[in-house]
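Both of the next two complexes hold chain A, though its partner changes from chain B to chain C.
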Partner chain A sequence: MTREPRFDRTGRWVGASVPRREDPRLLAGRGRFVDDIALPRMLHAQFVRSTIAHGRIVAVDLGEVRAVPGVVAAFTAADLALGDITALLDRPPHEFVPTAMPVLALEKVRYVGEPVAIVVATDPYAAEDGVEAAVVEYEDLDPVVTDTAALADGAPLVHAEAPRNTLVDVSLFATEGIDDVFAQAPCVVRVRTKTGRQNALPLETRGVVAAWDDRDEQLHVQTNTQVPHQVRTVLAGCVGLHEKQVRVTVPDMGGGFGQKCVVGREEIATAAAALRLRRPVKWIEDRRDALTAAFLAREQRYDVRAAFDAEGRILGLDADVVCDMGAYSCYPFTAGIEPLMASAEMPSVYQVPAYRVRGRAVTTNKAPTAPYRGVSRPQYVMVVERLMERAARELGIDPVEIRRRNLITVFPYTGVNRITYDPGSYRESLDLCEQVLHDEGWYDVRARAVREGRVIGIGYSCFSERTGYGSGAFAQRKMQVVPGFDISEIRMDVSGTVSVTTGTMSHGQSHETTMAQIVADRLGLDIARIKIVQGDTDRITYGWGSFASRSITIGGSAVAAASGKLGEQLREIAAHLLDADVDATELDGDGGVRLRDDPARRLSFAELADVAYLRAHLLPKGIGPGLTASASFDVAGDGTFSNATHGVVVELDPGTGGVQILRYVCVEDCGVAIHPQVVEGQCRGGIAQGIAGALFEQVTYDDAGQPLAPSLMEYKVPTAAEIPDVAIHHLETPCAFTANGAKGAGEGGTIGAPAAVLNAVNDALRDTGVELDDTPIARETVHRALESALENAHV
Partner chain B sequence: MKPAAFTYHRARSVSGAVGLLAELGDDAKVIAGGQSLVAMMNFRLARPEHLIDIARIPGLDTIVREGDALRVGALVTHHAVETADLGPDFRVLSEAMRWVGHLPIRTRGTVGGSIAHADATAEWCLLAVLLDARIVVEGPAGRRSIPAEEFFQGVFTTALEPDELIVEVEFPRPAPRATLTEFAERQGDFAIVAAAVDPDAPRVVLGGVAQVPLRVPAAEAVLAAGVAVAEVGEAAAAAIDVRDEPGASAHYRRALTRTLVTRACEEARTR
Partner chain C sequence: MSEIQLVELTVNGERHDLAIEPRRTLVDVLRHDIGLTGTHVGCEHGICGACTVLVDGAPVRACLVFAAQVEDADIRTVESLAEPDGTLSDLQREFSAHHGLQCGFCTPGFLMLAEGFLAERPDATKEEIREVVASNLCRCTGYQTIVEAVDACAARRRSG
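Entry: the complex of A and B
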């Protein structure tokens, strides 16, 4: 039941699920990933990593390491003398404490897995033998393993400069009189929840190949990053090169999900070793390191109250958020990424008149964190959606109806959090999602279940996904390095085909196809004649890479603008050659320019390019040779909000506590979908990761801070057997200010899934008196809830 | 996650493999499908100096019916058993294979490797005890045959001598009504608890509740009595001695035992 698109499309490419440009190579196994790169004389790196969670480094002895057959070199922090990686916020000391992350640990280690030394050998096996031979002497310090321990009086300090282990402590909003609102409200509900630490777990682990090139006088770093220019800046700073002496390029990538949108210590150390040795060095992260020492995310604690009037309208939200950011601030986002996101956006899709929030980032002796698909939104959406269901129950209102009474319906809407929400289909998506579950008969199944001795529940989540954060939006977070804009350069060659740069970085999202579709419509050129250039700091002026669902909204708009400018140039040249007014010409949609009133008079792009390059003397006065254009795009306001409703049906097994998802319905609205199939892929992948957070994955540690999930046996990433088919329905509320009306679509699936799953499980438990708010949900907890209900029933 | 250096040997015959084991002593390990051993080597939890690859030894990959008995060669893969037509007498073997890891693992992992590895929740270990299998091994002194119940001695510990090779597992009697079921959060994981029953023997065997696959005589007695299946589950749950562990309390393991034994019996009764 997909609605007819309302957006008026002129071109034929945008909106079509054309075969992906990436597919022939990727599906045939001919892609080029970092680990496929082999350079002459290449060496292999591995890291000596801390075996304890917290300690002072007394001595690092690499003497035995260097004697291991095959080992070429081994370096400590002191040997390489690199600059630190430091991410900053423009906030006063009581709100933000800056901490430096050394490339290799120098004085202290702060988590198990922290890199202490780099070993370089002729093959990866010898490198690992070398790592085994390292002798590091530590003086143990008491580890801080949980957020509550971090905040406890007299807790050991992870960073001496951060009292109470608090890196960020901000109270962004406090509506006047909010205490009175709560005191007088007829209904106040509360959710306290702890969400599990997760790993974004890209299929392709992190990796880098670095080599000094004497001819180019450049350190060429091929790394699987989402942010090539940021890696260049940090790397140049750490090793003391000019940026022109560093070239970062990115081959095919097997996912990132945010884990690769921050600068990694290992990529810097590997490049520094290559520079020192004047030999190519490769580092490929193995799965154990990926699970224990890579950037993690999502471990948060919420204590949130919501006040409602008797009709179920929300009156206020009062929140305390503590995010366990692990040992270090990541670059460029800092440890503020999660608490600031949660604080700024928690009112979600509802009309919340009063709001107070305190958001904190605490540091602990665990691997540091980075943004992970959704960033805090999966958590606060879960909290807010639990609050809605709880209030509905308390007030005896249907859980879908209570949402209807609170959803934002008039746009643009400026919230209590001072964010302006552009038009979306909040109400429509909820209505449609409920309708679908009704029509498919799931409410009957739920009703029958009780009689049949089955335990079945239905749950929803309504949410928005803010996408297209421009410089202004990030500046509000007071980041000192402020992402936001994108620049695109387009070049038509002699034959009339074009190459277009984008500062965004596809790590699996098919930008080579979707960006080309945008260009194709702007120029009226077949996508087969368009090449998208990304991931090369030598060829791209500057870019912020891909994260926060920014690529199509911002990068795509820049690409469209540059294409538009080139189209203008082509028309000017054509007008001159056809002896007509520019206004009398138009792009003909088939790789040429024609006269509007006399379409037979036409010049193909190849003919125009021929003049622009090979017979420049024929060009009109004032137009120089060559066909290039450049444009940038930034978002002035608060970005654009995609939205969706997820509806989930679960069945619980009273005998085992097993949780099975019987049905998953997603009604999404990301404005104009450039490539609907790609959007659906994003939804499905995101939902899988959201379900993972709700029901499966957790990075766990023992009391000493030793990781308890060093392999995929313990870190329970769900497989195809656990993830249900997802029915996706599209609505379309075009964005008014991005090219093509597109909104971002990268994170929604992940944002909505935990809340919907949790609500469905709780609906199934409705007669037990038990409510579950923590994730991931343990099967044993489900079992116990059902068991005690059965016992009570028998009493 | 790269193994430490080792010397690779390819055995061409059982006697050749046994000879190498005797010659190389404790530093040598047999590799069959590699699905358990290689993971341990990658974590450097196992670091054999010598690997003796038995995968190409001819004659160890056959399944043969001999009268009442079924003889399964040590190199038969889980997948081969899953897809073999074993008839009604031994269908439980084929059916149980879907619980063993994932398809790629099943195409490489072997019966002999599973039994030798002796994970207390491994399906093959449960099935061996359930069906009174005999593990046929060959060493320098020749062949001997060990009853499954004596074979499994503790956590990853068996009656196999270091210089012996498992050559075959012999299932002596048909078990047309035997069933196996289990519970884990993910399909393909080792079970939290696994339960196998054979009403004709009668046998009730559990995985995940002891250091070895555990026969539960108290539950077998109830099963023999032919009363309601829930009582068999109850008896099994009451009989086991489990402790709270991270990830599963004793109470939960007991509850899973009750559920799974009951379900296995229900399934068996339909046959």
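Entry: the complex of A and C
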């Protein structure tokens, strides 16, 4: 079911699910991922990593390492003498404590897996042999393994400069009179929840090939990063080169999901080794390191109260959020990434008149965290949706109805959190989602289940996803390095084909196709004649890469603006050659410019480019040779909000406590979909990762901080046996200020799924008296709840 | 460094003589010694299936096999699926048509898994296909479109 599009589409490319430009090479096994790159005389790196969670480094002996056959070099932090990776917030000391992340551990190790030394050898097997031969002596320090231990009185300090192991501590909003609101409210509900630590787990692990190029006088770093320019900036600083002496390029990428949107220590160390040795060096992270020592995410604790009136209208939210950020702040976001996101946006899709939040980032002796698809929104949406359900139950109101009474319906809406929400279909998506589950008969199935001895529940989640964070939005977080804008440059060549740069970086999202569709409509040019250039710091003016669902909203708008400027140039040249006014010309939609009133008089782009380059003397006065244009785009306001409602039907297995998803319905609205099939792919893939967090995946540690899930045997990534088909319905509320009416679509699936699944499980448990708020949902708890309910029924 | 062994492999119908360490895995030999980088390494412990190739027609995790173990076998990799001129096979075309790949890193493994399975079970039901697809990991698609692509390919082959 698709609502009639309200957006005026002038071209034929945007909105069409054209074959992906990326597919043929990837299907044929002819893509080029970082580990596919081989350079002459290339060496291979691996890392000596800390075996303990917290300790002082007494001595690092690499003598035996250097004696291993095949090993060429081994370096410690002291050998390489590199700068730190330090991410900063412009906040006072009581709100933010800056901490440096050394490229290789210096005096202390702060998590199991922390890189201590780099070993470089003639082949990867020998590099691993070398790592085995390293002798590192530590003086053990007491580890801090949980957020509660970190905040306890007298806890050991992960960073001496951070008292109470607190890196970020902000108290925001505190609406006047909020305590009275809670004191007088007829209904106050509370949710305390803990969400498990997760790994974004791109199937391609992190990796890099670095080589000094004498001809270019550049360190060329080929790395699978979502943020190539930020890698260049940090790397140049760490090794003491000017940025022009560093070129970062990105080959095909096997996913990222945020894990690759921060600067990694290993990519810097590998590049430094290549610089030192003047030989190419490759590092490919193995899966064990990816599971234990890569950037992780999601481990958060919430204690949130919500006040409601007797009719179920929310009166206030009072929240305490603690995010366990592991050992270090990530660059450029800092450890504030999770608590600041949760604190700013928790009121979600509801009209919340009073709000108070304290958000903290605590540091522990675990691998550090990075933004992971959704960033805090899967958690706070889960909390708010649990609060809605709990209030509904307490007040005897239908859980869908209580949401209806609270959803934002008049736009633009400026919330108590001072964010302005652009138009969306919050109410419509909920209505449609509920209707679909009714029409498909799932409420009847739920009703019959009790008689049939089955345990079935239905759950929803309503949410929005802020996409297109511009410089202003990131500046509000007080980041010292402020992402936001994007710059695009377009160049038409002599044959009338174009190459277009984007500062965003596809790692599976299909930019080569979707960005080309945008250009195609702006210029009236077949996408086969358009090449998208991304992931090359030499060819692209400073960009911010891909994260925060920013690529189509911001990158796509920049691409559109640059294309529009080039179109103007083409019309000016055509007008001169056809002896007409510029206003009398138009792009003809088929790779040419024609006269509006006399369409037979037309010049193809190839004919115009021929003049612009090969017969420049024919150009009009004031127009120089060549056909290039550039444009930038930034979002002035608070960004644009995609929204969705997810509806889930689950069946519980009383014998095992297992949760089976019988039906998954997603009603989403990301404005104008550039490529509907790609949007659906983002929804389904995101939902799979959300389900993974709700039911399966968790990074666990023992009391000493040793990782307990170092392989995919223990870290349970769901397969096709666990992930259900997802029915997707589209609504379309175009964004008013992006060039194509598009909103971001990258993260919504992951944001909505945990809440919907958790609510469905709780609905199924409705007669047991047990309510679950933590994820991943423990089978054991579900099993015990059902078992004791069964026993009580028999008593 | 350990001793060097002479190993003879037949990959995509082509013979390769290799002088390698006995500990060298099939996937490393395919990728780094022969240069067929289409087969990918996702976990090196046999769970993710990104390295799936066909050994005598059966899907095998190339990260769990030493090259020296498959000397007399017929090995097929993703590079064998398309025509020499680049024309994609029916299975590859269905993956594209159904958007069964996003980043494409796991795709060669799924293609070879499906290629081996459909050759043995051309009449497989969609549920059986889903069970087989559950052998490998994909982090992008949520699997639905992979199952649909394989099912569509099977259906098309059956209808001739």
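One rule holds in what follows: the second predicted complex is superposed on the first by the 795 of 795 C-alpha atoms of A that agree within 3 Å, B and C clash if a C-alpha of one lies under 4 Å from a C-alpha of the other, contacts with A are read in each partner's own complex, and residues count from 1 in each chain.
Here is the rule we go by: contacts are C-beta pairs under 8 Å (C-beta built on N, C-alpha and C of every residue); 3 or more make two chains touch, one makes a residue touch a chain.
This is a predicted model, so every value here is computed, not measured.
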First, second, both or neither for A:Leu157, with chain B first and chain C second
neither
Determine, for the superposed model, which of the two partners chain B and chain C contacts more residues of chain A.
C
After superposition on the shared chain, which partner residues are touched by A:Arg287: those of chain B (first), chain C (second), both, or neither?
both
Touching A:Glu787 in the superposition: chain B (first), chain C (second), both, neither?
first
Look at A:Gly655 in the shared chain and tell me whether it touches chain B only, chain C only, both, or neither; answer first, second, both or neither.
first
Between chain B (first) and chain C (second), which does A:Tyr125 come into contact with in this model arrangement: first, second, both, or neither?
both
For A:Arg779, select first, second, both or neither according to whether it touches chain B, chain C, the two together, or no partner.
first
In the superposed arrangement, does A:Met713 touch chain B (first), chain C (second), both or neither?
both
Touching A:Ile623 in the superposition: chain B (first), chain C (second), both, neither?
neither
Touching A:Gln689, do we find chain B (first), chain C (second), both, or neither?
second
Common interface positions of chain A, toward chain B and toward chain C:
124-125, 286-287, 711, 713, 719, 721-722
Residue positions on chain A within touch of chain C in the complex are 17, 19-20, 22-24, 26-33, 35-36, 38, 69-70, 124-126, 201-205, 252-255, 257, 284, 286-287, 507-510, 677-678, 680-681, 684-685, 687-689, 711-713, 717, 719-723, 725-726
Which stretch or stretches of chain B touch chain A in the complex?
1-5, 39, 43-44, 102, 183, 185-190, 246, 248-249, 251-252, 255-256, 258-260, 262-263
Touching residues (chain side chain C, partner chain A) in the complex
1, 21, 23-24, 28, 31-32, 36-45, 47-48, 50, 77-79, 81-82, 86, 88, 92, 95-97, 99, 101-108, 111, 130-131, 133-147
Along chain A, where are the residues that touch chain B in the complex?
124-125, 128-129, 132, 286-288, 655-658, 695-696, 708, 710-711, 713, 716, 718-719, 721-722, 779-780, 783-784, 787
